[in-house]
Amino acid sequence: MGVLLQTKNISKYYGGIKAVQNIDMQVEEGEIFGIIGPNGAGKTSFFNVCTGNLLPNGGEVWFNGKNITGMRPAKIATLGVARTFQNIQLFNFMTVLENVKIGFHTHEKTNILDAILHTKRYKEDERLTHEKAVNLIERLGLAKESDNLAGNLAYGVQRRVEIARALALNPKILLLDEPAAGMNPIETKELSDFIKQLRNDGHTIIVIEHDMKFVMNLCDKIMVINFGKKICEGGPDHVKSDKEVNEAYFGKGTTF
Amino acid sequence: MYLLEQLINGICQGSIYALMAIGYAVIYGVVGLVTFTYGEIIMMGSFSAFYYFILFGDNLFFALIAGFITAAVVGIVVHKVCYQRFLDAPRYISLICTIGMSMFLKNFATIVFGSEMKGMPAFFAGKFIEIGTIRVGYMQLLIIGVVIALSLVLTIYLKKTRMGMKLRAVSQDKKAAALVGINVKTTTLIGNCIGCGLGGVAGILLGVYYNSVLPTMGGMAGLKAFSSMVLGGLGSISGAAIGGVLIGVVENLGIALTSSGLRDVFAFLLLVLVLVIRPQGLFGKKGN
Amino acid sequence: MTEKLKTFYNKRKTIILLVLFAMAIALPFLIEKGSVMSLIVRIMFYIILASSLNIINGYSGQFNIGHAGFVLIGSYTLSILAQLGWPIWVLYILAGVVTSIIGLIIALPTLRLRGIYLALVTLGFSEILRLIALNWTGLTGGPMGIKGIPAPWFFGLRSTAPHNYYFIVLFFVIICLFTSYRVINSKVGRAWMSIREDDHAAMSLGVDIRKYKAINFMFGAFWAGVGGALMAPFYTFIDSSMFSLDEGFNILSMVIIGGQGTLIGPVVGSVVVNLTTEIFRFADEARLLIYAIMIMAMMWIRPQGLAGTSRSVIANRSLGKERGTFLKKLLKKKEVK
Amino acid sequence: MLKKVLVIVMCLSLLVGVFAACGDKAEEPGEVAGVIKIGVAAPITGNFAEYGKGFDVATQMAADKINAAGGINGKTLELVVMDSKGDAKEATDIARKFTEDSEIIGVVGDFSSTCCMATAPIYTEAKMVQLSPTASHPDYAGMSEYMFGVMGRQDAEGPFVAQYLAAKYLGAEKLAIIYLNNDWGVSAQSNIVKGADEIGLDIVALENFVDGEKDFTATLTKIRQTNPDTICLVMFYNEVSIIAKQIAQMGWDDVQICALGPGTSEQIIELGGADVEGIATSTPFYVTESDPVAWAFKTEFESKAGFTLNVHSACAYDAVMMMAKAIENLGDNASREAIAGELASMKDFVGITGPIIFTADGDVFRKYKIAQIEDGQWVQKTDYDYAD
């Protein structure tokens, strides 16, 4: 099991505000890695640097033995990094099936001429994409929503569609930004099981959350960020007992 | 020396663009929608002054007030028809609506006011100051003065007064403004009226300066105002003014060096270049 | 109502299309009057132009309001080369190719611009192109325009009579709609729509936004060029005044009145707009007044366009920061929870 | 619900309109006894509406006058006016409508050369005369034997302006030209240059502008560098008054202004006031009180149109009169085709704008007078024989 995603000394500033400061992170293949921290700690900024949506002010991001710092998000996605967004960014006016089909974008080889002439390549692509998309939708239990507009779905279902869309990329690593936000306990439990299932299927997963319980139950390894700095890293038990973490999260004097 | 002369010509002409752009900047800032009716607002202001002069005699100051009021009233109509309903909708809807409104006002003016060019009374005729061999007329000085005064007064108004504060709040975030108890509907309406009123004033000075009032005068005027504002940076009042002057200068220097027929080519080339290099405009904030 | 129509269409797709095609072929034999045919041909020009603009505005959510510039390139390319004796049939396509290259040249530096900025840049380019056409007398005839543009040979006929030219235009209308349909229902079309809906999400899925925006511009420009090229031999004379900004706005209103983001929308739009201006001819000087009122009424009653479904309302989101009614709905949903 | 009803009503009204539009033309072809129809195509809306309005009023006046005098050979003259918006595409549709309406025997219009040249092939195919009051593109009238232009080509006026107005009358030695960049302006300008070259008049500056321009200071500053003693303005009344004003404002008083295009437009004086004093112009016609027919026309036009008479409207009036005369001359032989021949061979027509005799192409070579503004009024300075 090698290191899949690694950041070296990453910093990101907005004007004078230091959103992320010198964060090192190593995510190994096959693990579920949690990033936690209070609101505004810089989790999402850090995430966006990893996926190329933001350029870091300093430091490097390595993925699968390749320096991906400064690459465009689309390129990084092609290498096998998929993500979801904190505030669900589905293609609202497209159906669930179409949403998932776009996930297969990087696997299709059709160009505009193929599309116009309906060449072999187009037909092959469309057939495969359709098959795979339908499979994926079934696997995620979304079959009956397949032809509904993504925007009309219930919140929890939208989360799942977003994950399905990301999975369509067949990514080596999947980054989930607050997947449990706005879910009720039952949905959260389902999600947790689902993520574990994904790991068993061979995906490496990074999860951002501020729901401690969710993370503690799910992750193999956890990194805690506060005010843009890494304050702790380790297994759930290690993090639970860390004094600094408890202070950051619950104020001084409280313990878990 | 020759280029200096052309530079001064450019500043004078640019000040007219600036005058028009200020009103546009207020409208865009507060309402947050692109409008293609602004040129016709300018035209309506111009016509209102034309009739004011006929009915009540040649008093420029009162004509400006009348023009401001007329344009603001037209602004209310435009607001009710083209903006209010579409504030939350995709912007192209109100944009098309303003194209329709512009067509309506232009044809309305052609039918009611007549299609031929009309003149304005002359003010400060034959009065000028001389800089070297160049004469700058009082009218030009008045326009430059009005531009500077308006930029200052508007900036102070927006920064210091209660209403100004509300306008700025609405321009930054309508939802947040509504949450803190600002009546967004009325505030955008007032902002639009102020912007349109300024457009009316610009129209009058434009009509008097060039001595021409036409139903079709709005098209190019509105376009130049729009371009000046975007060049300066969206919603920035002094930016819009500077953008206007800049376009004027570039156009006139372009004419000096090549041919007069290429005037608008220079204006739009400048615009395209600036936007390509600096998409937020010269003085706009990034991430807008 | 639209939903019912849609299911009806899907059920009997082949038959409906065949009937439509047969009607289109029969049309010139049923209509005797050249003036009516000429109006129909004009409508069909605008179907191509509006469809091409719809590709750009409706499908990838970019905002082009200077479409007349592309039409100009197409028209002039054909007219200039036709003067040199190039075969017209080849020139129809070549004009499209040249226009799409110009489209690429315009698109490349403006790929990172969005919404109002892109709108203004396209408008600026359109005006620049028109002024160049007006001033470059050696190439374009300048204000004198180009006259005597020949029509192509067509089954032994060389005539710009609308009854004959109709078939040429019909051919291109069908090809235009057909190719658009195929492209939209492919990887490329899905990528365009994903950009329109949410460019960040599209990026995260590996969609190369710049590339697909550029392709989108080129495809739209290609058909605008073909449309422009088709017009030149029919009117036999062109000059720069035919490609003013108003012309661009005109095409834009057709797209939006018809409903952007749908294939049929621009078709409906050009039919309705051209018929209306023709019908209100009796109103004399008030003609455009009525047209203007109609545009505004349309935006009040049916902002998604006559043929538009709610899907296309949002089609041009990049122009607005707000997510429109949809966001409201979303917010409400969250509150309920 | 309301929306649906509205949509349905809109669609229905559209459909009704379509049938109405198609239906009213489906009448039986053939001549209605006692009526002669002439088509008039003019830009009644759009950017040239100003001129279209003038066309509308002037042509109607001509028809009224003819009918008041008993019509054409006892038949009533009826005008079918259609709005082309100045758009070549609409103009061709109108042309097709006119040619298909067998009652319409000839057409007066359109205003712009763009429209006229786009419609020329259609009229030619139908062997129908298009008598344009104003189209002055040098190639227009030559496009076919059915195309005629009343305004007159610039081949004659250009050299006249250079050689007689500028050089002889004003004594110019260094001439600067500012011209409107359209087909008319360009051909006028090139003919002035040609005329100037013939007599060795020095052209020191040649500048153009796009229609709608209002600020000429940059152009004027540029021209002033070249020290011309005379500026020739090739444009219409609105720009002439604006330029005169800006020249005065620059304090440039050692330059003489002459103009080609506006004729003796009253609007120049109205708009320009003291600044236009001394402007000299060539004009094919000059309406004075000494010419009662023309003067009556002028007063009537102005009361009907609400603005002062311009040369375009006068030409439109003459165009209708001329076509009526051709039809009258032909008597019972009047047909579309015959009108062309009759117009081409007509040698004795004198209209408001002076005698009109077509060349082989179908153009008019006019003779010109020189008029100048003195004390806020146009004063005729030379008569038609100045160039002889």
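In order of appearance the chains are A, B, C and D, and numbering begins at 1 in each one.
The rule is simple: a residue touches a chain if its C-beta (ideal position, glycine included) is under 8 Å from a C-beta of that chain, and two chains touch if they have at least 3 such contacts.
Please read these numbers as outputs of a predicted model, since none were measured by experiment.
Counting steps between touching chains, the shortest path from subunit A to subunit D takes 2. Between the chain pairs B-D and B-C, more C-beta pairs are in contact across B-C.
Rounded to a whole number, the gap between the C-alpha centres of subunit A and subunit B is 48 angstrom. Between the Cα centres of subunit C and subunit D there is a gap of 35 Å. Inter-chain spacing, taken between the CA centroids of subunit B and subunit C, is 31 Å. Residue positions 107, 110, 219, 259, 261, 264 of subunit B each touch two or more of the other chains. Along subunit C, residues 131, 134-135, 285, 288, 314-315 each make contact with two or more other chains.
Those residues of subunit C that touch subunit A in the complex are listed here as 179, 182-183, 185-191, 193-194, 197-198, 200-209, 215, 219, 310-312, 314-315, 326, 329-330, 333-334, 337.
Those residues of subunit D that touch subunit C in the shared complex are 3-4, 6-7, 14, 17-18, 20-22, 25, 44-46, 49, 53, 82-83, 85-89, 92-93, 96-97, 99-100, 112, 114, 117-118, 120-121, 125, 137-139, 143, 181-183, 185-187, 210. Those residues of subunit C whose C-beta lies close enough to touch subunit B in the complex are 57, 63, 109-110, 112-113, 115-117, 119-121, 123-125, 127-128, 131-132, 134-135, 245, 249, 252-253, 256-257, 260, 285-286, 288-289, 291-296, 299-300, 303, 313-317, 319-322, 324-325, 328.
Interface residues of subunit B, counted against subunit D in their complex, comprise 2, 5-6, 9-10, 12-13, 16, 107, 110, 114-119, 122, 125-126, 128, 135, 137, 210-212, 214-216, 219-220, 251-252, 255-256, 259-261, 263-264.
Within the complex formed with subunit D, the subunit C residues making contact are 1, 33-36, 38-39, 42, 131, 134-135, 137, 142-145, 147, 160-162, 231, 234-239, 241-242, 272, 275-276, 278-281, 284-285, 287-288, 301-302, 306.
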